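Going in written order, the chains are labelled A, B, C and D, and every chain counts its residues from 1.
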C-alpha cells in the first residue's frame, strides 16, 4: 500500500504528525511515496493508493483539487473544525494504520463538479468538491443572476448570490444559506439562494446529469468562489457553468461512524432543546 | 386507445365535461372503457391506456390511490388549485384529444411510496404519491418522534410532526413546511419537520432505496395523513414505515410546458419583487 | 409576605414539594394563604403577594389564566421542559426563600392578550400569556384566513394556520413556526404563519396597541388553541380578535440570570456547531 | 413652504424632473431653497420645510445621511426599485404639489441609528436609517463575531455576518437574510444573521433603548456596510457599536396608502400562489 502524505504545514502539529506517520507507515508494512505539506507538487502522475490528508475539511478540499483528474482515495485526519470529510482524529490514526495498510477499509465515491467561467474571450475551468458560489463583492450591491438548466432559462435571482452545491458540500455553505442536507451518495446538486430578495425562491434539488449555467446580468462587483478557496472576479454578462465532473472524489472509511451520526455530532442535527430532568436526552 | 374517465362529480362542470369527452373520444378514434365520477370502481382489473382525470391535483392523487397496484397513465385536466400534476386546462383538452388518441405524447414515471402502520397487533398498508405526514392532532400537544433510516436511529423530533415526501409531493405540503423543491424525476425522499422545536433540524434529502421508520414515542393525540386525504389515528409506540413502492405513477405530457415553467407559473418561484419601471421584469 | 402555592399534583414530586414549602415558608417568616394543586380554586378574590408555581412553563401558563384579571406575581419552580418562565429549579428554591419572603427580588411585568371569538351569535373571551393559534384540525385540510389590523384587511393566509404571539410566547410555538425571538419587555405581537402556502409571507412584528382580527374564510375543520391549553372549535366566517389585555402578567426574578443567558441555556441560541480543538467553545 | 430638491442626476429624468419642479413649486406658492443633484452640499445649515428627493429608496437613504443631524422632512419621488420610503411616483407628484405646499400632509418619524467603529486608536461615527451590516469580504472566509447587548456578551456568530436593522430597514437586507417585518413605528432593532453556521440562531427583536456592540474576533477580511452605501474595512478585535440616534428621520405622507398595502404591493407579502379559476384571488 503506497501512501501520499498531504496537509498544511503552517498548522500546528502537522509537520510533526507527518514525520511520525512517515516512520510508522513503513513499520506497518506500507510505503510513503511523497510528502507535500505545501500543496506544491503536481500529483497528476504520482502513483499511490492512499492520500493521508492532515488538517480537516479545508485541507481535504485543497488536496482534492490538487489531485485534479487523478483522484487518489483520501483518508482525512481531523485537526480542524467540522470534520465531515476527515474520518479520523489524530489519536485514532495510529491504532487504525495497520487496517489501512492491509486494505481493510471501505471506499466511498463522491460527486465532484467542474466549473467553467467564460466571458471576454477568456475561458477558465475549475474542479471542485463542495460548491460554486457566485456572489456580490465590494461594494456589495445586489447581484442580478439568471439560472439556466440544460439550456432553459428557469429563474432569476436578486440578492447576495447563489450556491450550486454537491451533496458533500450541502452541509457546508449551502446549509448556512438555508439549503437542505443531501445524503452524500445522491447524484444531485442543490441550488441555494444567499440572502435573496426573491422571497418565493426555495432551494432546488436537481439531477447531477444536468448542466447549470448562471449568467451575471449586471453588477457593481461580483466573484466566483470555489470550495471557499479559489476566488475569481466576475464581470457583467459572464457565464458560470457547473456540471458533474468525469472524475470522482474518493474517501476511505475505516471507522463504523455513519453519516447520520456525523450529522448529530457535528451539527447537533435533530437534537432537542435543553431540558431539565427529562427522559428524552 | 382505451380511456378511463375519472373525477369528482361534486365539483362544478365535472359531470358535464365527462359527458362531452365521452362523446368526443370515439369521434377522435378512441374508446371509453369506464366513467367513474364517484371514486367507487375497483380499477385493478380495468384495462385501459389513458386515465383522464377531471379536477386538479387532489383528484389525481385520489385516482392514483384508486388504481392501486395497477397504475394507468394519467392525463389530468385542471379545474382546481395549483395544478402540478394536471397537464391541461379544460379548454386545452379538446384541441389535444387527437394527439392523445394517436399516442403522440410523452410518458413520465414517478416515485410512489408505500406506508405501513404497525402497532397493537394491527397492521395497515397504504399507497401514495405525495407525502406521509405524521402529526399531532387535538389537543395539539407536541409529538415526540424518532426517525430510523434502514434500521439506524438517526434523529429525534419534537414539534407538530414530520413529513416524508416524494419529489412530486415536494411542492405541496413539504414546501409549506420549509422543504426544498425536488426535481420530479429524482429517486429520493425528503424528510421535513413541521414547526419543530428541534432548532438544528434541516430537511434531509435521502435515497428512495432506503426504508424510513418513524416511531411515535409519546403523544396525547397524533395521526398519519396520506396525500392529504387519508387520516389514520396513531397511538404511542406505533411505527410508521415509508418506502418506495414497486409501482410507479405515470403521467401523460402533451404540451411543451416544462417543470421549471410550472414552478414559475404556480409558485412564482424565483420571480423578483415588484418594481416600478425597471428593465428586469 | 403572603404566598399562594399552585401546581399540578399529578406531576411527580409536586405534592411533596408543596408540603415542604408549606412548612418552610412560615419558618422563613412568610405566610401560606392557599395551596391549590388541581387548578380548581377561584383566585380572583385571593389576596396574596407571591404565587409559587410548581411545575414548569405549562403550570405557569395555567396559573396565569386561573388568576384571570387578578394577577399575583409568580415565582416559577421548574420541573419541566424549557423553563423560560420558571426562574428557579427545585434545588434553588429553599436557599432563595429567605430573600423572597423579605421582598428582595425584581418584579417584571409582561404583556398578556385577550382573545375574543365571535360567530353564530356566540361570543367568548379568553385571557392568555403565550399565543393564540388559529389552525386546521382533522381532516387537516388547509385553512384560509384573512388578517385585519385595526380594521384594515392586510393579508390572506393559506396553510396550517397562524399564530399571534406575545414576547413571552415568542420562544414557544411561534419560534417553532419560524418566528423571531422578541425581547420579553417589548410592547409588540408577532404574527407567524404555520406551514403556509403563502411563500412570500414573513413574520410581522407589530404594535401591541393594535387590534388583530383573523377571520376563518372557509374550512373543513379548524380550531383556536390558547397557550397550548384551551381548544375551541371554529366554524367558517367566525372571527378571532386578539388585543392587549388590561392586566399584566408579573414574574418574580431572584437570580441574576439574564434573558440572553436563558436563550443560550435553553435554546442553544447562537451557539456554534461542535468543533474539535477550537478556542471558541 | 421652503423646498430642497435632492437626487442623483446621473439617473435618467432626474435633472429634467428637478427643473420641472423648480418651475412648478413657486407657481403653487412654495419656494425652492436649494437644488443639489450631486449630494455635494452641506445641508446642516440649510433651512427648509420639505426635502423633495428624486430617485427611490437609495436616494432617500443618501439624502438622510447627507442631512446628518439636521433632518428635514422628506417627500420621496420614486424612480427606482422597491419604494418603501418614496411615497409618490413621478406622475403623482404634480397633482399633489398644491397639498404639500399648503401643508396638508402627515409627518412620520422614524428611528435612525448611530454606528461607532473603534479599534487601532481610530474612532469613526456614522448615522444611518436602514441597517449596519458586519460581513466577510474577500477572500470570503467566515467571520467570527460576538454580540454584546448593554455590555453583556450574549451570543457568538460564525458565518457571513450579521445585520442590525431598524424597522425601516427590516424590509430591505434583513428580510433577505430571513428577518421578520417590523412595523415602521416600533422602537426596536432586529439582529439577523447572514448565512450563519450557528444553526440555532433566530433573529432577535430587541429594544432600541439598548446598545449593541459587535466585536470581530478573528478574520481574513471583513467590513462594515451602512445603508448599503458606506463601506468601512474592519480588522480583528475592532468593535462596532450601534445605538439609537438622537435625531429622527421624517417622512411626509400625502397619499392614503398604508404600510400594509405597500407590503402587499412591493413584496407580494401574504399573497397566495397562482390559481386557476378560484374564488380567492
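By our rule, a contact is a pair of C-beta atoms (placed from the backbone, for glycine too) under 8 Å apart; a residue touches a chain by one contact, two chains touch by 3 or more.
These numbers come from a predicted model, not from an experiment.
**Q** In terms of C-beta pairs in contact, which of B-C and A-C ranks higher?
**A** B-C
**Q** When the C-alpha atoms of chain B and chain C are each averaged to a single point, how far apart are the two points in Å?
**A** Using C-alpha averages as centres, the distance is 38 Å.
**Q** What whole-Å value do you get for the distance between chain A and chain C if each is reduced to the mean of its CA atoms?
**A** The computed centroid separation for chain A versus chain C comes out at 44 Å.
**Q** Two or more other chains touching the same residue: where does that happen in chain C?
**A** 82, 175, 197, 199-200, 202, 267-268, 273
**Q** For this assembly, give the contact graph shape among line, ring, star, complete and other.
**A** complete
**Q** Please output the residues of chain B touching chain C within their complex, sorted ascending.
**A** 82, 133, 135, 137-141, 159-160, 173, 175-178, 194-197, 199-200, 223, 225, 228, 231, 267-268
**Q** For the complex, which residues does chain B have touching chain A?
**A** 144, 147, 149, 152, 154-158, 175, 179-183, 185-186, 188, 190, 197-207, 217, 258, 260, 263-264, 267-273, 280
**Q** Tell me, which parts of chain D touch chain B in their complex?
**A** Residues 78-83, 89, 199-200, 202, 265-268, 273-278.
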